[in-house]
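Next, two complexes with subunit A in common: one pairs it with subunit B, the other with subunit C.
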Partner chain A sequence: MPLDTSTYALALLRLDGRRWNELRRIHAQISTQAAADGSSYLEMGNTQVICTVTGPAEGRNTGAGRSGGKEGEANLEVEIGFAGFSGVDRKRRGKGDKRTAEMAHTLSTAFSSLILMHLYPHSTISIHINILSQDGSILAACINAATLALVDAGVPMTDYLVACTAASSPTTSTSAGSDDVSDPLLDLNAMEEQELPFLTLATVGGGEKITVLVMETRVRVERIEGMLAVGIEGCKRVKDILDGVVRGFGV
Partner chain B sequence: MPRAAEISVNEREFILQGLKENIRLDGRPFDAFRSLELNFGDEHGVADVQLGKTRVIARVSAEVTAPFVDRKFDGIFNISTEFSPMASPAFEIGRPTEAENILSRILEKAIRRSGALDTESLCIIAGLKCFSLRADLHVLDHDGGLIDASCIAVIAALQHFRRPDVAVEGENATIFSIREREPIPLSILHHPICVTFSYYNAGGIMLVDANLAEEQVREGEVVITMNRHGEVCQIAKYGGVSVDALALLNCTSVALEKVKDITKFIQRRLEEDAKKRDVGGLIAELSAENAR
Partner chain C sequence: MAPVQAQVLLSPAELSYLHSSLSLNPPIRPDGRSPTQFRPLVAESDILPGANGSARVCFADGTEAIVGVKAEVEKSQWRPTPQKESADVEMDDEQEEEPGVGENSWVEMSIEIPGFRDDDPLPVFLSAMLTEALLASGDLKDRLYINRRFHWKLYVDILLISPPLAYPLPLLSLTTHLALLSARLPALKSERDEDPLFDDDWEASTPIYPRSGRQKPYSAYLDKPPVTLLVMAVGQNIIFDPSKEELAVAEAVMAISCAASQSQTAEAVRLLSIRTIDPPSRLTPPGIPNLLNSATGGVAPVSSTDAMAQREAMSLLGVWTPPRGGIKRNLVGRVLKMVVEKGGVAEEVLEALEKIEVES
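Then we have the complex of A and B:
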């Protein structure tokens, strides 16, 4: 039986019954694959991501002087694959897809500044991510899963990199008459992502400073402040959840 | 694969030391663009942008095709980029570098996804015929700030472009050549402009429009795309150094100022170009009067 959502708007609830500042259920596991050096499985609501980390090891394309990254530093490779069954319609996203390439670029630059790359000259750390089910906040899920897998692999990092999404919706409060007021939302699902302007942000260790910020939709500049504030708050909570997963594994 | 020469240790130290003493290599203030030049070609829809030593040419062209099946009422608009080896020895034809991928993605988000061009106005007969617009971007010289320069070039070229006029009668569409009917400008809904900020000294120093040397030593960057109405079309910070949220908000207000200046500059150049092209209208052309 479908849920009766007709009263949700009156109670200021979202389509899936959450309040504005609620995260979806995050379930994560580490060390899921025996063969990889580090691996993780992460669910954020219906978004499911699996991630493996190999390395630090000798790079695959070991030509003359091409084994590592920059002088005296490790090289970080990121590969993202979308499973054919992950979306609503079965669409192949090839390797040449620019959106996927952009996501991989985001992960590799974000983690390069976090991992102590100078400890592993002439070597390659590779992150492979497979997206099993898409329901919004994909980039955020990839970042969180990669963090867990890197922790599992024992790659030295300065702190966790945690990410979540935040949006801004037209206000529901009746007291404010103007259009300038907007309500921020935390952690969007796919339907909300299609309707609302949103951004993905990642912070180091759930702190105040922003490492990754990606926004693709047009929005008034005044609304960004609220979105950032909610996003930073959400990252703090994601950090606690991921930390719980890692500590729980160690017990 | 050719690689660009990395900047030397001495040069890196020199630039960073200078920045700590509030001096930039070329003597600009931290929040200033390099000198911007914009020229239009003989044809409509060709824009040549020079931002300092960086030079980018954008060319817009149109042809008539069938629209996509799932988008019957929309025309087609594509942006394609080409980094020529002439601009930098690190570029190769047919093998896009990561920088090229990111540039075309950012332009796509900034101009196409933000709905700058009204694609519905490119439709001729729903489901049968539409204009397919294509913006080709050529990088001729690379001295940093490619994203900013490319965005200006594409936006200017789109504003300068004129598409042929069409008349529709039932299922038949007649497309008039430029000689038959005055071609019409595109309907552009807003003018997004990209501004790149570079961070140094663990996020303490922020530069606008870094040149190539400054780009090579930066610790992180954020590209903000805005229009002059104060709407942010796109933000891209793909990692790098962590920045305070307030500093990022400050960036958006700086970006807004720059965007207003640049939009005004493009408008002025367009008006100058229009004046140069205007021979005095049809009446002046048809006049049989001659000077006695």
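Then we have the complex of A and C:
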């Protein structure tokens, strides 16, 4: 781990100067686009995401038997697009990219449980997310932006869905030589994501109910608890920020 | 995504009304604009930290586009230069100034429109049109030259965020213009044909479209990227930046690309390309005159060919007939004059776009 060990242990400051439990700057706007039913723009540090929501509306495939949506409830479509210029190198991700599809699936299952789908039978709610700039915590940024756009569209939900990332870095305490002590970190950027095991979690309304938990790296099971605790705390703060954005817009 | 409304839902009577109000002198447009007035827009540039240049433009009708320009170093294909073999070292500096070192393949453009595939005709046609203007405007591709072995490859990625409500060409062109205006390349530190090494300091970077040191407002840019304007004609009237409803009654639609001219001659703007666009009005349903409608005492034609023949014979005011035929030559001439002349539309647009704050 050439990145963290050298400097983090000395001052307990991360590469971008944050402490372990600090979020990056979150800046968000809602109603950014007049043509969509709901739209939002979210920055988490250097990660930038734009989200538009269309619907609830009649589905695309009308006439072909099913007019969008299941029997008694609405159908949720999520589409995520990575802009070619979003990464460090210019790369186009096709529509069939598996990681993108998995992110979209995660979002659609998470929001299906939160949106009051039974109010809109035979209709479709579609969420379009464009990732403009990637610098870590992309799934979390997508979830937060989608929440804001759905609020802007006036889609009834039980509560906000807020997300952030948490990681586990090797311990810095001098006394312990054991492996089961670790220092959790909150809200990773792209460089930290490459170095450390991390998880993305989303909670309902900043509470303790976790609806999304995604982890793609390997970590000792003892460390999970610390990461979750930090993540839940982070989600609580993200919720306050997003709530502030929504309330600020209404003024 | 809601289905893309390719066609405006207007009845033949409404189309006829719109057409006749647009053919008055001066024309009355549905949104009250003058013929050369553009729709209001919100524009930002230099919005993305990870791209060399970027811009976002929102039109008042809600269409929104984001353009990111990204440059990557690429190895050039070796090209034999037989004459310069002997005096290679001395010639190097000279070669950098020589026009024509750039190649068309160094600029790549891609357009993403929601609800369309990459290989659908609309994105392909739009990107061809915008690339053509960009390459025709002269020394952009020459500025991507680093040395004989390396060059910059410029990727222009256009993202239409909203569904294409109107014909998105002007929006995409304006956004691309702004993004290129804000685009910067890192300063080169290595010399001649070495492997390129760049300055880490972003402050030292050089804009792709350089400015002269003076702070004079108009001649501040030595060169500017092109803009493509959408122009339509109804009768004798020429209308700029048509909205979706206006396009539905257009008799002719043209896309005109132009750029600021470097030489301080009579014209401030030079023309790069003209393309005619098939007007969507041809697909609108025609109105049926009373004479051919049995419900109003007329005699209905027996077959569709008969209907066509009878309609051809009568010219009725107030009954919508989709326009046919091409563009008259003197109309093209008048359009071009309006665009290119000093104080004309293109100059106005270029000046207005320059006012949008570009961080430097």
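Operating definition for what follows: the second predicted complex is superposed on the first by the 239 of 251 C-alpha atoms of A that agree within 3 Å, B and C clash if a C-alpha of one lies under 4 Å from a C-alpha of the other, contacts with A are read in each partner's own complex, and residues count from 1 in each chain.
One rule holds in what follows: contacts are C-beta pairs under 8 Å (C-beta built on N, C-alpha and C of every residue); 3 or more make two chains touch, one makes a residue touch a chain.
Owing to the predicted nature of the structure, the values given are computational and were not obtained by experimental measurement.
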| Thinking of the overlay built on chain A, is A:Asn144 touched by subunit B (first), by subunit C (second), by both, or by neither? | neither
| task | Decide which partner touches more residues of subunit A, taking subunit B and subunit C as the two options. | result | B
| request: Answer with first, second, both or neither: which of subunit B and subunit C does A:Thr211 touch in the superposed model? | output: first
| task | Pick one for A:Thr165: touches subunit B only (first), subunit C only (second), both, or neither. | result | neither
| Is A:Ser182 contacted by the first partner subunit B, the second partner subunit C, both or neither? | neither
| request: For A:Ser123, decide between first (touching subunit B), second (touching subunit C), both and neither. | output: neither
| request: Give one of first, second, both or neither to describe whether A:Phe111 is in contact with subunit B, with subunit C, with both, or with none. | output: first
| task | List the residues of subunit A that touch subunit B in one complex and subunit C in the other. | result | none
| For the complex, which residues does subunit C have touching subunit A? | 1-3, 48-51, 54, 58, 60-64, 66, 68-70, 72, 110, 112, 114, 155, 157, 159, 161-163, 165
| Contact residues on subunit A for subunit B in the complex? | 70-71, 98-99, 101-102, 105-113, 199, 203-204, 207-222, 224-225, 228-229, 232
| task | Can you check the complex and tell me which residues of subunit A touch subunit C? | result | 32-36, 46, 48, 50, 52, 54-55, 57, 60, 79, 81, 83-90, 92, 126, 128, 130, 132-135
| note | Touching subunit A in the complex, subunit B uses residues 6, 98, 101-102, 104-105, 108-109, 113-115, 203, 219-220, 222, 226, 230-245, 248-249, 252-253, 256
